[in-house]
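Can you read through this structure? Questions will come right after.
Lettered A, B and C in written order, each chain numbered from 1.
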Amino acid sequence: MFLQQIASGLALGCVYALIALGFVLIYKATEVVNFAQGEFMMLGAFVALSLMTGAKLPFFLTIFLAVMIMGVFGMVLERMVMRRLVGEPIFALVMFTIGLSIFLRSIAGMVWSTDTFKFPTVFGKSFTQIGSVTISSMDILVVSITAALVIILYLFFKFTDIGIAMEATSQNQFASFLMGISVERVFNLIWAISAMVAAVAGILLAPILFIHKDMGFIGLKAFPAAVLGGFGSIPGAIVGGLIIGLSENLAGVFLPAWVKDVFAYIILIAVLMVRPEGIFGIQEKKRV
Amino acid sequence: MRFKLKKSYVEDLRLFEYRSSLMWYLALLAFLAVFPFFAGTYWVYNFMLAGIYSIVALGLNILTGYTGQISLGHAAFYAIGAYTTGFLTTKLGCTFWLALPLAGMAAALIGLIVGIPALRLTGIYLAIATMGFAFIIDQVILEWKYVTNGTNGLIVDRPTLGPISFNSDQAYYYVILLFVVLFVWITKNFERSPTGRAFIAVRDSEVAAQTMGISLAKVKTTAFAISAFYTGFAGGLFAPLINFIGPDNFSIMESINFIVIIIVGGIGSVHGSIFGAIFMTFLSEIIRLGKDVLPEAMQRMVGFQGAVYGLILMAFILFEPLGLYGRWLKIRFLFEVFPLYRRDTFRKKRKFYRSERSR
Amino acid sequence: MAYFKITDLTKRFGGVLALEGVDMEVEKGQVYAIIGPNGAGKTTLFNCVSRVYSPDEGAILFKDKDLLKLRPHQIARQGIARTFQNIELFTNATVLDNIFLGRYMYKKSSVLSEAFFTPWVKDQELKARRKVEEIIDFLDLQAYRDERISSLSFGIQKIVELGRALALDPELLLLDEPSSGLNPEESQDLCFWIEDIKEDLGITIMLVEHDMRFVMQVSDAITALDFGRVIAQGHPREVQGDPEVIKAYLGEENGATP
């Protein structure tokens, strides 16, 4: 029972981590805090659902297409809108993406109605026996896909030219610009990658949760994960996501039911009181 | 352009720079005073709501607009105020006129408590922490049934004062009007006092503020407390207005709505707070005005309101970051200097690649 | 007992030794200049005094009071004001409000009395205003009183920042590169103002400056820093002629020194 809670906590934590990763990627490169990340995830799930039930495509093709479509969506959004906001104060950016999230939610409600949908999964409710513990296959899938994705992203940032350009841009935009890196292209790509990661998160979350226009609200729980880890740190997002997912599930076992829902925030506030820059964050002070 | 010869420093401390502007404000006040006599209940009710939002916006502006601290959790202070009045009047039989200031103070106290851990947080960290605080308060409202009745909510009556009953909308309207004027005046007083200047100093440069002998801790917690006081007080006025308060009234969307009000109105200005409150209260009216432009079918779609709301928020940040008040100032400026303005007078400065990560 | 005394001050940033065992004594009424090439640690020294940074070792005593025991905002109350190398004004406020903020620490009014702007508060503000106007007159800023900082030229902003520091009524004034970015005319004005601040207001001044002509004109004593260490100290003429200083500024021909 306890171990099972840990397993499903890990799976939930992975989803949080993926959404948090989306925040962090965008923030690192462009300094935009994307409150609509949860809505990207919701859109990804809905697109996958439509492809599967509407177009009746096979499972893995569906997922591939949905992720690609969201990637294009991210690019278009960056090109058409976000680019105009480069350099605006953080407060304006936060409010802008909040507006975007409200807008996307409403649009999703118009397109896909406000009903709740169930995502058909290839695994059904199968379980795997590991020693004395039974773990749902879905949980294992979620954890392994997350791990794979993180490794791919790591390799991408470490070894490809464009990945290195992105890393450089996130360190110092102006210097990268002067070094001949096309900062705009980097931004464009980062939005695409972020939206793709969100789509994966949405598809992974869909069998755990239901698909609904408001499912993006779970993004608000991924925020504590990103902030906990130190906003802007990729390992921070993963660790933060896992901490939040695990502790939330364990709180469900050991603490009164109502605490579970806000436990992420209780942990967040507790950590920030000790480390105001999060676990892996670095607090930069303005030089005077 | 208008120039004025000033003969004494006292003139700079006046609330109204020109005699004519004083006249305009008096006229506006007179209009608002007779408003309930000719307007229908619908308008009176919405004006009350706009009044309450104005107080919240003034308070939020003190924290966000003047001091530069983001709060995504102001609905919590609003809730604390509303439930304090609700609890004190219905369950303890306390008079509304005492419960109302207590509502403000309860919120201010919590504001202080929140303000202290918030001291070391900036930017997005502060935004998320305050949002978390609001979620926690939400849960407390649901669970602390002795005070809040949980999901059943509280029924709160309109107040009376001796023989006078403020039960009707027309009567309660004057209560709210009185407090809106009071809070506007107080905010203006802060603007011309050392504490108000200290708020701005902390917003613009924390290091420099410290070298002026300003304690960041003191000023930020003061801003939090004052802001919470305004918001709690507004919550206290809100509870009897709608007669019934439940957890749904104070969700995260309400916190966001407060910020939208100050953005749409214009951040960091008293006028902006009020413009924004009125605009957002009558948003559905304004959408209805635009009805002819759009096909009927689209109007009736679920989520249409939400979509427009989101679009308005985005549009203001993209095109009118100074809000309605900023637009008004620009228009007035153009008239004043006509035909001397240049097209680029208000051209937005492009701020390329500036980082706010370090401060 | 020295008026202002720094002993063995050391500050590291990771591997960088920004200050290394710096000793310095300033006497009351002096204009004391700190010179040195870029990155020598001059600004870091000021930042340690105004408690923006905490040094790793050493002591800073002002009138026998240990400044390192104080919090940043308490430095002003000891009678120390400063300006910044890259200007730290309150950009969205007017010149008047900026200088007014220099009077903040003298306020006696409570938040509550300010909320209602009692006659007493009004009186306090009028008194502060008179002080502010004295400074505006002293620095010839009358024309800019109601301008926002963001609409002013760099040179004017520097002068406003000086005014804001003077509004604190300090005993010791730290100026970080006051003449950089000023045109020759403004620079000359500044020379006279520094004389006046020293002679008429009796304020002790420490300044960081690159312009040697300016330094020679105004200073009574100099410390030269290089890579965080004191390389010369004393009378301006001596320091100017010191071979170490010349070497630090011009570099050594054979490039033996780091």
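Just so it is clear, a residue touches a chain if its C-beta (ideal position, glycine included) is under 8 Å from a C-beta of that chain, and two chains touch if they have at least 3 such contacts.
Since the structure is predicted, the reported quantities are computational estimates derived from the model, not experimental observations.
**Student:** Can the chain contact pattern be summarised as a line, a ring, a star, a complete graph, or none of these (other)?
**Tutor:** Topology of touching chains reads as complete, every chain touching all others.
**Student:** Going by C-alpha centres, which chain would you call the most central?
**Tutor:** Of all chains shown, the one whose C-alpha centroid lies nearest the global centroid is B.
**Student:** Subunit A to subunit B: how many Å between their CA centres?
**Tutor:** 32
**Student:** As a quick test, compute the distance in whole Å between the mean CA positions of subunit B and subunit C.
**Tutor:** Centres of subunit B and subunit C (C-alpha means) sit 40 Å apart.
**Student:** Just give me the whole-number Å value for how far the CA centre of subunit A lies from that of subunit C.
**Tutor:** 47
**Student:** Could you pull out the residues of subunit A that touch at least 2 other chains?
**Tutor:** 288
**Student:** Give the residues of subunit C touching no fewer than two other chains, as numbers and ranges.
**Tutor:** Residues 52, 84, 88 of subunit C each touch two or more of the other chains.
**Student:** In subunit B, what residues contact two or more other chains?
**Tutor:** 207
**Student:** If you look only at subunit C, which of its residues touch subunit A in the complex?
**Tutor:** My answer: residues 43, 47, 52, 84-86, 88.
**Student:** Quick check: in the complex, which residue numbers of subunit B touch subunit C?
**Tutor:** 9-10, 12-13, 186, 189-190, 192-198, 200-201, 203-205, 207-216, 222, 226
**Student:** Hey, which residues of subunit C end up touching subunit B in the complex?
**Tutor:** Touching subunit B: residues 50-52, 71-77, 81-82, 84, 88-93, 96-97, 100-105, 107, 109, 111, 114-117, 121-122, 125-126, 128-130, 133, 164-165, 168 of subunit C.
**Student:** Quick check: in the complex, which residue numbers of subunit A touch subunit C?
**Tutor:** 288
**Student:** Which subunit A residues qualify as touching subunit B in the complex?
**Tutor:** For subunit A paired with subunit B, touching residues are 27, 31, 33, 81, 84-92, 94-96, 98-107, 109-110, 113-114, 173-174, 177, 183, 213, 220, 223-224, 227, 231-232, 258-259, 261-262, 264-266, 268-269, 272-273, 276-278, 284-288.
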